[in-house]
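Inspection log for the structure reproduced underneath, given as structure tokens.
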């Protein structure tokens, strides 16, 4: 044979070069400086960026915030010790619990944090902290139902047959609600309750919380389940204002244990490359100024006791919150998911 | 054939193929890992529903597309009526429309709060949903209709070609023997087009299985969404891999069916073509019914959703026209360009080796690499992440061993994973395109070049490359567009914080605020229209 | 020294034997035609010479240098062989000039343009260098492919059914033209065809193929006049086969009477055989008492083709007598010639 290694070095070298160029150009698209903080956020970037900018101004520490709707815990788990994440911001409690269960976060021993955030809104082990809270409200049609003083338990009553709209119960907000029901009533009773609620649905669970209020406005149903801040968000959107104006916002279980509370929160990533700065950021987020504005942009209630909610949020009235410690919800999370599968709530 | 082709060429081909099927292999390995009873819990509860939903959806979409596409294909291929020449390419327009966008637009229009029901309520004085019956669009059947509307062109295109290639002498014979046009359709046209229809249906079924966005928006849980939920919700990669394996079983059955049907199809294809005079010239009512049918299809599946989208885009233009929009567009274009370049280079290498190699087994690399197209994006994502994660850690371990600071997540933390997955999924398109072009190059050109002293590399560079130009371009273009549209793999594999047009649009769809993402959606649709210009030209040349 | 030496070449493909031990030599400047029906292995041999097909045994050498043999395989691109294809294989993306210069290496720009001009002139395509192949007629394309194959001065030219796509009216003219070009340059060539007429016109020697082997090899006239078996005789032209009995070393008897041979027959006395008689080797004389009768005729211009019934046999005869009618009685006679008896 006269031709040896025809495809040989030259072609391979040029291919390899091309490959290298591609990989490095890809790397540069997401590169960050080594000392910067990286925040993985379930909350959309525009909600948290103003506060983080303030932090950068105060401390000179740059913060890169990256948003994902799903799968942050899964990703941090996969990234393991190589994960660039320092702090994780979550939009609800179940996401915090997921991080804890997968052993992806580490405890913070900060007096500042422990002083700023009340005990029932943080982990007994100090490995997560709530930042804001919101109520799982029940909205009712102004025209057809009026203001209600009901309980979550009432949602299963025959009175509301074919009148309730909700998003998927597999959504973390609803799973947390189911978990609180299990905490108060046990699994068997909760399963009966879920079957009752399912029977009362006006339509298959779909859409988000706003879509349920819209459906009430259109007359598809009378009752909608939704978080408190959506009411504020709709009120400030010119197109959606009419939806919000068609309903009353009701705080359930005021006669007994109080309304179910969910929280957004933060945690320190186990393999955070910059732990010290990360803790500084967490402390900053628990400060008065950050609490005020973080709660305000999303129309939530600050967890720090002496920080007042925004005027609009305050205007919905005072309410009694369920005193169940937030971490108790975690114990019932898996049970809640399994119950939902068993009664095929969404199907 | 080059008898003296060195083994290094063949090895290169196999190396490419091994890399491209690695995800499939990794997925199957991952599926054997324990999953802490998540999978058995799924079997006990929702898995049967997921499976039956998936199968029902595929069945309904196949039938729906068939019923829509066959009459249109027959009319365009065999009859003449007003605007037929425009319809023959315009019927392909829906291919450019992502199904979830059509779904969103129709949901907006048809649900309780939408303009249609509102108008009905006003006209008839109904006040509540209890007063009348209106079908719910957010159902399995609704999803099937939406998917049929955008997928029917696959069947249309194949059926049209099949109808046109049926020998005119057969048609004449049937006419002489007294068949009416209607009878000759049922007794001759349709049976002879059966293999082509089967190929089309297999493609439609595969696309349906891969759909994530539409069913997720309609809250119809299928195996595809189950893979996503199991992975991210239950956090069990192994259970998700097991679900994926089930799905692949269904899909590869479909691939086998498609291959079988294709071979049949070749048997039925004849050289002689229809001439203009063989068409039925439709007049009067028949002409108008045909015209209206085709127009209606185009309006429902393309024009109407497009106009709604354009309306949204104009209303929310100021809000959408910002630096983020440019960033996402750049990301989409960048990824698509890199992917199409890589796919074409790999396909060209593999097809060249397959063409000139004297070793029969060298057909394998291109065959194996083509299987990637059948793997749905959600499933593929798992298959890509498993080996890349392993690789990332291995690299960092090496650095650690030398006490150096590792490069971090080189593959899974960058767009590499995304690009890799897209290449696995779309290399089949460029292979197909280049394969077709190769068929038109006479083998004696190869012999002529090598007898004139050209080395294999020179043959590729001086003869094949210039002659394959069109095929390469078409392949690159198709890969480019698929990369712009592909959603589930992008959702799962993008580096955290990375958005492209598709993920950006889908986020707004799932937040029920497509209005804000309409501008990006329009860009996806318009880029998807480009190949139709080329298709149009080749269709014109055919007739 | 001979240009091409093929010894005992065997080839099989997927267990099926295609070539079963071929020998062939070609002198410098000679044109040999590989002739045979399709599937007889002639194209396989051509490709084996070009290095496009593997051989399982034997050897192929050019000018004494081994190309294919045990443990030796010179790849096609290093064999210095020119090849002309049935479909011409012109590169559609290159102009005539670029096609012609495709295989030309190691020349200065000036030499290249000289070579190009030389070639264009040789194939009478001056001024068409800027055209693309699809802008040329079939004959012109053929000539470009010849120019391309000769431009890099190969040791040997292979032609694979090069005339089958040319109109029959211009085919023989074309063949003569190209033959002249090859002769002018003293090019050795191997030419594959299934048409004896093409082989007669174009080649110096014929190698007749049968089922993967060469039956007979030699000058065209030799094969025609002295075929070694009936297959060869039939392939090269029509013939009658008359049962004869050998009466003496130079005489046989038949229904037509005694026939003289001008060459000694190597057959036993009184042995029987089949005598090959070409239609033009039989003479016709009209005779009212003749032992033959014309049962069919076909007028061919200067001659007429007759079917003559003699006893139980019908013989084909070509005669300059064109006026004989059906039913005419005739006498048949055969002048003395070297008889071919199988």
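A, B and C label the chains in the order they appear, each numbered from 1.
In the analysis below, a contact is a pair of C-beta atoms (placed from the backbone, for glycine too) under 8 Å apart; a residue touches a chain by one contact, two chains touch by 3 or more.
The chain list, named the UniProt way, goes like this: B = Iron ABC transporter permease; C = ABC transporter ATP-binding protein.
The structure presented is a predicted model; accordingly, all values stated were derived computationally and were not measured.
Asks: Please list the single chain whose C-alpha centre lies closest to the global protein C-alpha centre.
Replies: B
Asks: With chain centres defined as mean CA positions, report which chain is farthest from subunit A.
Replies: Chain C.
Asks: Identify the chain pair with more contacting C-beta pairs: B-C or A-B.
Replies: A-B
Asks: Quick one: subunit A and subunit C, Cα centre-to-centre, how many Å?
Replies: Each chain reduced to its C-alpha mean, subunit A and subunit C end up 88 Å apart.
Asks: From the mean C-alpha coordinate of subunit B (Iron ABC transporter permease) to that of subunit C, what's the distance rounded to whole Å?
Replies: Roughly 55 Å separates the two chain centres.
Asks: Distance between subunit A and subunit B (Iron ABC transporter permease) based on Cα centroids, please, to the nearest Å.
Replies: Those two chain centres are 34 Å apart.
Asks: Please set out, as single numbers or ranges, the residues of subunit A touching at least two other chains.
Replies: Within subunit A, the residues that touch at least two other chains are 1-3.
Asks: Where in subunit C do residues touch two or more other chains at once?
Replies: 73, 75, 78
Asks: Touching two or more other chains, which residues of subunit B (Iron ABC transporter permease) qualify?
Replies: 4, 455
Asks: For a test of understanding, state which residues of subunit B (Iron ABC transporter permease) touch subunit C in their complex under the given definition.
Replies: Going by the criterion above, the answer is residues 1-4, 358, 442, 444-445, 447-455, 462-463, 466-467.
Asks: What does subunit C use to touch subunit B (Iron ABC transporter permease) in their complex?
Replies: Spelled out, the residues of subunit C in touch with subunit B (Iron ABC transporter permease) are 47, 50-54, 73, 75-83, 85-87, 89, 91-93, 102-103, 105, 148, 152, 154, 158, 160.
Asks: Help me check something: in the complex, which residues belonging to subunit A touch subunit B (Iron ABC transporter permease)?
Replies: Where subunit A meets subunit B (Iron ABC transporter permease), its residues are 1-8, 11, 15, 22-23, 26-27, 29-30, 40, 45, 64-75, 77-80, 82-84, 98, 102, 162, 168, 170, 202-208, 210-211, 214-215, 217-220, 337-338, 341-342, 344, 346-347.
Asks: Can you list the subunit B (Iron ABC transporter permease) residues touching subunit A in their complex?
Replies: 4-6, 8-9, 12, 41-42, 45-46, 49, 112-113, 118, 127-130, 136, 138-139, 218-219, 221, 228-229, 231-235, 237, 331, 334, 338, 342, 345, 385, 389, 392-393, 396, 406, 408-410, 412-416, 419, 455-457, 492, 495-498, 507, 510-512
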